[in-house]
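We call the chains A, B, C and D, going by the order they appear; numbering starts again at 1 in every chain.
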Amino acid sequence: MTSKTAMRILTAIVALIFLISWIMKSGSGMSDSAFTNVRDGFLVTFAVFLTLSIFSFLYRDNPFYKFAESLYVGISAGYWMCYGFWSTVVGNFVPRASRSLSEFFHVPYQEHADHILIYIPIIFGLILLTRLLPKIGWLSRWSLAFIIGATAGLNLTRYLRSDFISQVSNSFIPLFVDWKGVGDFVNHISLAADGQFIAILSNWVIFVGVMCGLVYFFFSKEHKGAFGVASRVGIWILMVTFGASFGYTVMGRISLLVGRITFLFGDWLNIL
Amino acid sequence: MLALLRIAKLVVFISSSLFVISLLPTHSVHSQDASPSGSNLGPITVRAHDTDNDAGGSVTVEWDDPGYEKMSGFAGFLIWRTNTLTGTSDSVEVTPFGTHSYDDRSVSDDSTYSYLVAALVNSERVMSAPSMQVRSAKQWFDSRLTWVLILGLIICGAVIYFIESAKRGTKLFLRRIAGLEAIDEAVGRATEMGRPILFVAGIQDMDDVQTIAGLTILGSIARTVAEYDTKINMPVRASLVMTAARETIKHAYVTAGRPDAYNDDMVHYVTDEQFGFVAAVDGIMVRERPAACFFLGAFFAESLIMAETGNSIGAIQVAGTAMPAQLPFFVAACDYTLIGEELFAASAYLSGEPRQLGSLKGADVGKAIAMIVILVGVIATTIASAWNSESMLWIENLLRKMFSTG
Amino acid sequence: MGLIISAVVIGGGLLWILYLSIKGQDVDRRIVYLFVGATVALAIIFRLEFGEVATPIVKSVFDKIENLPAGSKIVLSYDFDPAMAPEVNPMANAFIRHILEKKHRLFFMSLWATGQSLLSVSLNDVLKPEFPDAKYGVDYCNLGYKAGNEGVLNVVITNFRKMFPSDANGNSLDSLPMFKDVESLKDMDLLISVGGGKPGVKEWVLFAGDPGKIATAGGSAAVSTPLLYPYWPRQLIGLLGGTKGAAEYEAELIKTHPRFKDKGMPALRMMGPQTMAHVVIIAFIVIGNVAYFRSRRKGKQS
Amino acid sequence: MKRQIPMLILSAVGTLLVVSVFIPSARHWQEDASLYFDIIAVFAFFLGGGNLIRVHTEKVNRKSTGWIYSVVTLLGFGIMLVTGLFKIGNPNGIAGDLSQTGSYFQLLFQYVMSPLNSTMYALLAFYVASASYRAFRAKNTEATILLVAAFVILLGRTALGVLLTNWIPAQLSVLQIPNLAIWIMNAPNLAGQRAIMIGISLGVISMSLRLLLGIERSYLGGDN
């Protein structure tokens, strides 16, 4: 029995299940018009089919997954292009460019907006399209230059303020928390989670961790001697960070799977 | 003539304030001093000045309330504005309990205004004396960002200084980055096995600096690919990235002397949908079976899907991203991972060009500055809080002011 | 019954894989997928629930409400939107049940516009059916939503009436008996903010709990919980993190107040498959290491 | 000429945007820049969409392997584009909101795109498990630290963690797994995140400067 015939049998079975589920789902439809029931019955069954096709990829690549993948690519590409058209072209450009178009699309025409400036991106957009003509295709580099220049300009100050400056100032932490002298510290010493010792230990670990982490990222200095030790501690701190955040996100991922399986058992087979 | 003008303005001003006062409901006028319900609280004092660090067109009104807002029946503060040139006056805003300042953004820079604030208590108005004349103006520099500018100049200055000094040929030590050395090995392996390499420059568009970092690394890899004549397959999630990537690869093929081997279809647009793109990339992996996979750019939750599928087909995987949340997945699933800053340093490493390597030394100076400042800050904070010394507290507050985002 | 079946199926399978690993064989990734899928499916079908044991960070909030004298005044603020609701709504409902069961006075409010509508859902689905004798204005009241984010807290910490002249239903605060000895937030015994965004638990700590020296507790979505950990235990007496935190509180609630046992504890039900899946992943990590050390030792011997 | 002008545009635009942060009246350039980016991106859609159609139609004409799936992609793309641009079935017609309930666009989104989206997302649960099984092995010190940190946090997320270490006395309560998990998140994890973020910010600054100074030119057809 070649894999070809096996595939055909499998497809037949899937089609059969699809049909049964369609009929069942249409039957149990609540809405009064028969057409909506049948349509919704089909749509729910189709959603289930797509879900199972994606899950089938876990076993191995197969025609069902290829179908689901190519459908997903086509539909989603169309989705985002419509989104781009309605939100950017009609939402942003038309109100600033022409009154008549604004009326046609029932979009509020912006009176005072500086109209000439809106044509800058238009020009760069048109220049970009010159890529389609091989002779002057190199002109499109001007648009790329505009975009890359804008990205570099915007991000330079944004990362300077939001990451560099705020993270440095967040690191100003006291190494001795509510300190009442060594005597008091010694006779209250304990590993209690909310104790003073642990609070102090945490701040020491944060301080040393940030310093060593930064040392690890040094490019132009030999990681040898004390510098090498600090860099080693730095990579260890980074490993704890990666291990901890990996473990922490596992729960979120599983709840996604719980959601899908509840959909399959609950909404489709309603055996829950 | 000038004096005449000034007298005219004065007359206008006096008449307008009289006009304003006469306009108000009569019985409240003489009650300006006598405050309601017998308590003899003093009048509200009002100050108005141009709103600082703005593009003009805004005046900040501040007032001190001797106690009217604590009285039962207090309904709010009425802000009353008089345009001293035109004499027109109108109420601007009623602010609730607890607010003692208001930015009036509906003024124009070329006329002067005077403000009154009235406490509304049981439908009576206790008027304040009119404030000094004020005119709004635009500032050319936002003084709150002075320290941000200074720090920016220091770091950028360091980077530029080392770029220039590298030009003069000073030799530069660079520590080994395993991930970058693995790139040549990975491309070589792909060539031997005659299988393509897969390159994904993140799933963000060209407005993310990590995507640009990915593309600059693509430039170096494409040169090796051009020399070995390996097949490269680059699915992209954004059309702009497609255009820039094609430009990068074409340039690499031209410099490698093989302009004819370049073909636009090496880079192809898939879809803008995050998970649609990942589904397609998985499909490419299991069908084309690339020998090496490169994930260099900004990634989100889908990073692990690609990395695990790539691992399942046995490809060498080099990943790099500056998204802290995704680094754990790449570290777990890929052979080599460029962590955060290493992604941005990669193109300088691979190009080996002195000036680019100089910029890395500049970034190291930035880290040295950060470490010194943190050290001083921590010491100051510790001593200030543990042994509450004034001088240390002053240093700590100075450092916090210097390192505030403004 | 379901527990036994899944224990046998999953447990048995894991032991078999452990046996394979001891022989130094690495298991194919599809087996791992099969186990994860089967575990979650079985846990959902048989509605497995596990006795969650409250961790100190959750227990401290529970004990605080449990040990407060009857009639204490507690604020519960709904600071979230429908997207976060599946994770944090169970916490809010558990708090409502516990506070009213202990006859405390419950003051509802919200810093998010969407919190207002989610609050009214909780009132109808949980408070009214389960506490028919709770009287509005005496046992609980709803101050509704006020715009202004932390600005609201700045005002309310000194004077409630100025920010909330009347409650959500329009009657003035003085007409509500429970408000007679309440001048500001400082008169409250406990502040609880449920949410995960901004304004949220952090703003309640910085603008109300700290300045007013008032005990503050929080409930937050899992993704924003790590950012709040540093406040515990000094500025936050306790914190419920994600579905796990909610499940621990629900388990503690059922243990001390069995009357709520059959009221349907969503978080506990959600934790069933989570715990099972986590156990399987932990098991695979252990097995993975066993396989690794066995193969290394075998490599050394040969 | 081909190379000077793009460099000029890039440095000029970048420098203006850096300066605009410090000049209040120029601050709106920041929003303008991102609006301009969106508009150019819409133009690029033609290139992207065009490429998608060309690649798949070519596959269909040449009947290369898997051409039937290209037909599916083209159909899906066409159907979605038509229903979206003309808002077919949308109760309020052309002025209606794009994803108005009842419109075919919304139906396709709800019954095709979102199940595919959430199922692809759900695959992560399987991949997290297989990655844990394969990656968390005590091969060297770094891998062991990675393993231990993940193990403690994973245990801390289940009741198992509490049961295992409930017996630890209050004096050592930080060693109880739930508290240890919180401590790991509070101290080492926080330190690592901070070091990475400071590093990233300096990486971005040095890279942006290289771009603005024209030292990084590979994408613009420079000759370095």
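Basically, a contact is a pair of C-beta atoms (placed from the backbone, for glycine too) under 8 Å apart; a residue touches a chain by one contact, two chains touch by 3 or more.
Since this is a predicted model, take the numbers as computed values, not measurements.
A count of C-beta contacts for the chain pairs B-D and B-C puts B-D on top. Centre to centre, using the average C-alpha position, chain B and chain D are separated by 18 Å. Chain B and chain C have Cα centroids separated by 33 Å.
Averaged C-alpha coordinates give centres for chain C and chain D that are 29 Å from one another. A separation of 25 Å divides the Cα centre of chain A from that of chain C.
Counting partner chains per residue, chain B shows two or more touched chains at residues 148, 155, 206-207, 209, 212, 240, 243-244, 247, 269-273, 275-276, 279, 287, 324, 327, 329, 331-332, 339-342, 345, 360, 363, 366-367, 370.
Across the assembly, chain C contributes 29, 33, 36-37, 40, 56, 226, 232, 244, 274, 277-278, 281 as residues in contact with two or more other chains. Shown for chain D are the residues that touch two or more other chains, namely 21, 34, 37, 40-41, 44-49, 52, 66, 113, 116, 120-121, 123-126, 128, 130, 132, 134, 136, 146-147, 150-151, 154, 156-157, 173, 176, 179, 182, 185-186, 189-190, 193, 196-200, 202, 204-205, 207-209, 211, 219-221. Contacts between chains leave no pair untouched here, as each chain touches all the others. Chain A meets chain B in the complex at residues 54, 57, 60-61, 65-66, 68-69, 72-77, 79-81, 84, 128, 131, 140-141, 144, 147-148, 150-152, 154-157, 159-162, 164-166, 168-169, 171-177, 179, 207, 210-211, 214-215, 217-223, 238, 241-243, 245-246, 249.
Per the touch definition, chain D reaches chain A in the complex via residues 2, 5-7, 9-18, 21, 30, 32-50, 52, 66, 69-70, 72-81, 84-85, 94-95, 98, 105, 107-113, 115-116, 118-126, 128, 132, 136, 141-143, 145-154, 156-157, 170-176, 179, 182-202, 204-205, 207-209, 211-212, 219-221. Residues 53-56, 138-142, 145, 148-149, 155-156, 159-160, 163, 205-207, 209, 212-213, 215-216, 219-220, 238-240, 242-244, 247-248, 250-252, 254-255, 265, 268-273, 275-276, 278-279, 287, 301-302, 304-305, 307-308, 311, 322, 324, 327, 329, 331-333, 339-345, 347-348, 351, 353, 355-356, 359-360, 362-363, 366-367, 370 of chain B touch chain D in their complex. Taken in their complex, chain C has these residues touching chain D: 27, 29, 32-33, 35-37, 40, 50-57, 226, 229-230, 232, 244, 274-275, 277-282, 284-285, 287-289, 292-293. Against chain B, in their complex, chain C makes its touches with residues 29, 154-155, 158-159, 162-163.
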